[in-house]
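Below is one structure. I have some questions about it.
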Amino acid sequence: MSEQSLLQVKDLSVSIDNELPILHNINLDIKPGETHVLMGPNGAGKSTLGFTLMGNPHYNVTDGKIIFEGQDITDLSTDKRAKAGMFLSFQNPYEVPGISLSSFIRNAYHAQTGAPVKLLAFQKQLKAAMEILSMDESYADRDLNVGFSGGEKKKAEILQLLMLSPKFAILDETDSGLDVDAVRTVSKGVEEYQKKKDGALLIITHSTKILESLHVDYTHVLVKGNIVHTGDGTLVEEINEKGFERFIQD
Amino acid sequence: MNADLNMKVNVLPVYTYNFLHVNDSTINSSDIKIDNFSTPSANSLPNGVELKKDVSFEEAGSIFRKNKDRIMVSTGVPGEPNGDTSGRDDGQALRTGMGIDVDKLMIELGVKTDIFTVSENTKVSEPIILHYDMADGEGSLSAQVVHACKNSEVTVIMDYNSDKDASGFLGVSTRLLAEEGARITLVKTQLLGKEFLHFDDIGAACFDKGEVKLISLELGGKQNWNGCYTNLVGKESAFNCDMGYLCRDDHSLDLNYVADHRGKKTNALMQFKGVLMEEAQKTLRFTIDFKNGSAGSAGDEQEDTLLLSPDVVNRTMPIILCQEEDVDGRHGATIGQLGEDLLFYMQSRGIDEEEAKRIMIKARLESVSRLIPDDELSQKVQYYIQGIV
Amino acid sequence: MSENKQIVADIDRSLYDFKDVENEKDFYRMEEGLTKETVLKVSEEKNDPEWMRDFRLHCLDLYEQIKMPNWGPSIEGLDMDRISSYVRHKSDMKGKWEDVPEDIKNTFEKLGIPQAERESLAGVGAQYDSELVYHNVKDEVAAQGVIYTDLESALHGEYADMIKEHFMKLVPPTDHKFAALHGAVWSGGSFVYVPKGVKVDIPLQSYFRLNAAGAGQFEHTLIIVDEGADLHFIEGCSAPKYNVANLHAGCVELFVGKNARLRYSTIENWSKNMYNLNTKRALVEENGIMEWVSGSFGSHTSYLYPMTILKGNDSKMEFTGITFAGKGQNLDTGAKVVHQGERTTSVISTKSISKDGGIGTYRSSVTIQKTAKKAKASVSCDSLMLDSISRADTIPAMDIRTDDADVGHEAKIGRISDEAVFYLMSRGISEEDAKAMIVSGFANPVSKELPLEYAVEMNNLIKLEMSGH
């Protein structure tokens, strides 16, 4: 079993800036091609898990391990995790003035592959990806996330997902704050990722909008820093109808 | 008695180009008549506040001198800013905005200090009100120390008045110590006559979570100097300042405000709103100084000045000094006349230009006067503003 | 592709820091110190007209009288008695590259000067220590009547009167101590005259190299852009590092005529033993435009505040600057503007970066005189602190003497946020590169104002500073 695991989280406990613990004994096992959903009410620690998996230095692993492709990456720096094939779509992507979106993606691509970027091919690929996401071409030359609306920022994250093609992607509240059309566009982008690569996904969300058109293998419910329940894709619908109350009472 | 004043005050924390003539200001006036050397009596003294009257200026500084090591806590990292002038005021018990020459004057002329001490954990709801009702030709110097012990709260209001055409002299020094968790609100309203010479010097120190809030309005007087230096020594200490001014005729206003961030997560917000008319001259120096070790601190200085005559002189020096990486410092200024868009909007509602100006003057000053935590005084000031416009 | 800037090859610091051993017998070097005798000797060397010799002596008097400024960085490490104010190669200035002495040619070739001239410049002047060693203007530019020559020959030629009329009129020697010093011992520099209506499409460039240890460079640049003309002038500076102080006290006087436009770009990369006390000033006539682009990376100590006098109605100025203060550096830089004409506009926008104990000070003044009705001025300065052993100070001043002006000012100080670094690292970029990328992005408003080669050079310099070597 574990041989073919892509990501394993073993008994993971996490605190922020060495203060109170947020996550307790989290266990996950994600295989290539699988889509996992992490749901839970606000403040349950969902984003904490995303940041921890990606190695944000403010989040301290107090116990447990993160294994990626059989390698312990618990102490690996963020850029090395990205190079190993991990990706995090941020809930609040950072604005970086002075660097255009396209040049940023090129830089990241170059950093991850070490290969020189073929400009024409790159531009063609970028254009195609932007079309899938109904992004206006002009965004490629705009400064990274600067002055982007909430929806545009999320699309820019998914654009990076498509361009960088990671083995494993965490989508942190990619649907929050978006209108119906934007959610549809974004989930089209995520479908595209599922389609073209045997990549795995961990979708963090507190609603179910983005999941409607996606195939889901497992659903985990996170409450107060603990995974209290794991089920299959149908759990999403149940939560959609009945909310988290059942799990909170547990 | 009569005295000659020859003081160098409001020295910039760092010197800049000399051709601008803003590095300091001079109070040079001979034969000033001074009748009075102590603070007027408070309306009533609230419970929990102890008043020690007529202490010598030097003696009154002992509370600061005793805490000097804490207040002037060394940052350990060398490297002064270019043109640093901080050594100049080393002789002060507590550094103030106008600087050491005020201390020298107070000591030389034997000015008495009133010390208000608010005991620990006492939250005084009634403000202490000091009315300065100045007669025509009267001169007065006075000094106060407000010492708020741990977790206490107090509001001190100083209200300077005279007939609107009166002349005279009023100089005040107010020094504040907000201990751990203490809050001092200081309100100063200056409605002096149009021939008055006036200066107001403030120094403050705040320990952990200590807070000083200053609400100040300079509306009268002929020549005015204000200085305020706040030592944000303790963790999470704060300085909050709202200042409004109106300067007209050939009157002048010279200001020097400094927030000295030494403690971690300290916060300063200084806002200046004013109007210059006729041949008025204003110089505003304001400085946010992030010393090494003030990690997590934020400072913001904002100025909004309305210029209403082609003959005004407006000088502004918004300084930010920084020796700490983890800080957030910002400054913004808007200086100019009434915006054309705004004017057009008002005119479209049937308001003519003169009326629009009156509305905007009132709006600026009343946004500060509204903050005065005493209804009677707040109304008096608003009435005064209306009387001018 | 300008977007490719972030991915640049590792930089070789030796690009600027190489030293060419100056063969003593090939060079004439004035004895150290400043006396009436040394000033007369410079004057004699330069074959000054009489008025210039008298002017030099007058300036020396002023230099002795004027006090040091009380507001700037310390210049205690600068001992005038140990500075030679005049060093030159014993050969004359050349108009052909092949004729330039071999050792000097090597230096400039390493700096890429002749190549740049072939590729993208209308003309080049190269100063080595105290004298211009090479001057050349492309034929088609010369055919338009553009004069680009060394100041000394211009003093004796057709434009002698024009020079006498303008020389140190904008920056009088009474201005400050080092303007007086400059007046006494100035040597080298360029004279540019662009006739009425002539638009020079590609930039002219001057490159200053101070190669001698313990020497001063005092070049004078005088540029007159006549009515309706248009010019872009680029200035580059570098020097190898020595253990003794070097001094640069140049002076730049720019006259921008009615409806004319001048852009003056500088990438200053003096070595870190240099005291850079440079004075630059522009006078702009009606509807003229003055644009400054200024990058300060080098020097031990800098005083640099290019000043613009907006004399004519509707004249404009734009200043875009960046300063990077690293280890051991005290860079006090900024801009000054005086609005005199009606409807004059100025925009000052600066960035400063402090690192490794460097002191970066932004200092400016905006003066709006009573006559400058409907003037508009806006200032924005951003500082970035990269650690807590450095300083980033912002010392602006505004002096407004009319109500009919619109003045805005914004300043911000901050650091590279951890979140931004984490975000970039989550895309596989190393911490060092992430920081360099954020700093390059911070500097981008300046680099995009520069011609591509210079933008690349600037990004290289940033990368070099960020790597901390």
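Letters A, B and C mark the chains in the order given here, with residues in each chain numbered from 1 onward.
Definition applied: a contact is a pair of C-beta atoms (placed from the backbone, for glycine too) under 8 Å apart; a residue touches a chain by one contact, two chains touch by 3 or more.
Here the structure is a predicted model, which is why all the values come from computation and not from measurement.
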Exercise. Please identify each chain that touches chain A as well as chain B.
Key: C
Practice problem: Would you identify the chain whose Cα-based centre sits farthest away from the centre of chain A? | Solution: B
Exercise. Please indicate the chain closest to the centre of the assembly, with centres calculated from CA atoms only.
Key: C
Quiz item: Any idea how many Å lie between the Cα centroids of chain A and chain B?
Solution: 52
Exercise. Quick one: report the Å distance separating chain B from chain C, using the average Cα coordinate of each chain.
Key: 42
Quiz item: CA centre of chain A versus CA centre of chain C: separation in Å?
Solution: 49
Quiz item: Which residues belonging to chain B are in contact with no fewer than two other chains?
Solution: none
Quiz item: Hey, what residues on chain A touch two or more of the other chains?
Solution: none
Exercise. Would you mind writing out the residues of chain A in touch with chain C in their complex?
Key: 54-58, 77-79, 81-83, 87-88, 90, 93-94, 96-100, 102-104, 106-108, 110-112, 119, 143, 160, 164
Practice problem: Could you pull out which chain B residues touch chain C in their complex? | Solution: 14-18, 20, 22-23, 77, 79, 81-83, 276, 290, 292, 295, 307-337
Practice problem: In the complex, go through chain C and note every residue touching chain B. | Solution: 69-73, 330, 332, 336, 357, 359, 361, 363, 365, 370, 383, 385-415
Self-check item: Complex contacts: residues of chain C adjacent to chain A
Solution: 1, 3-4, 6-7, 417-420, 422-431, 433-434, 437-438, 440-445
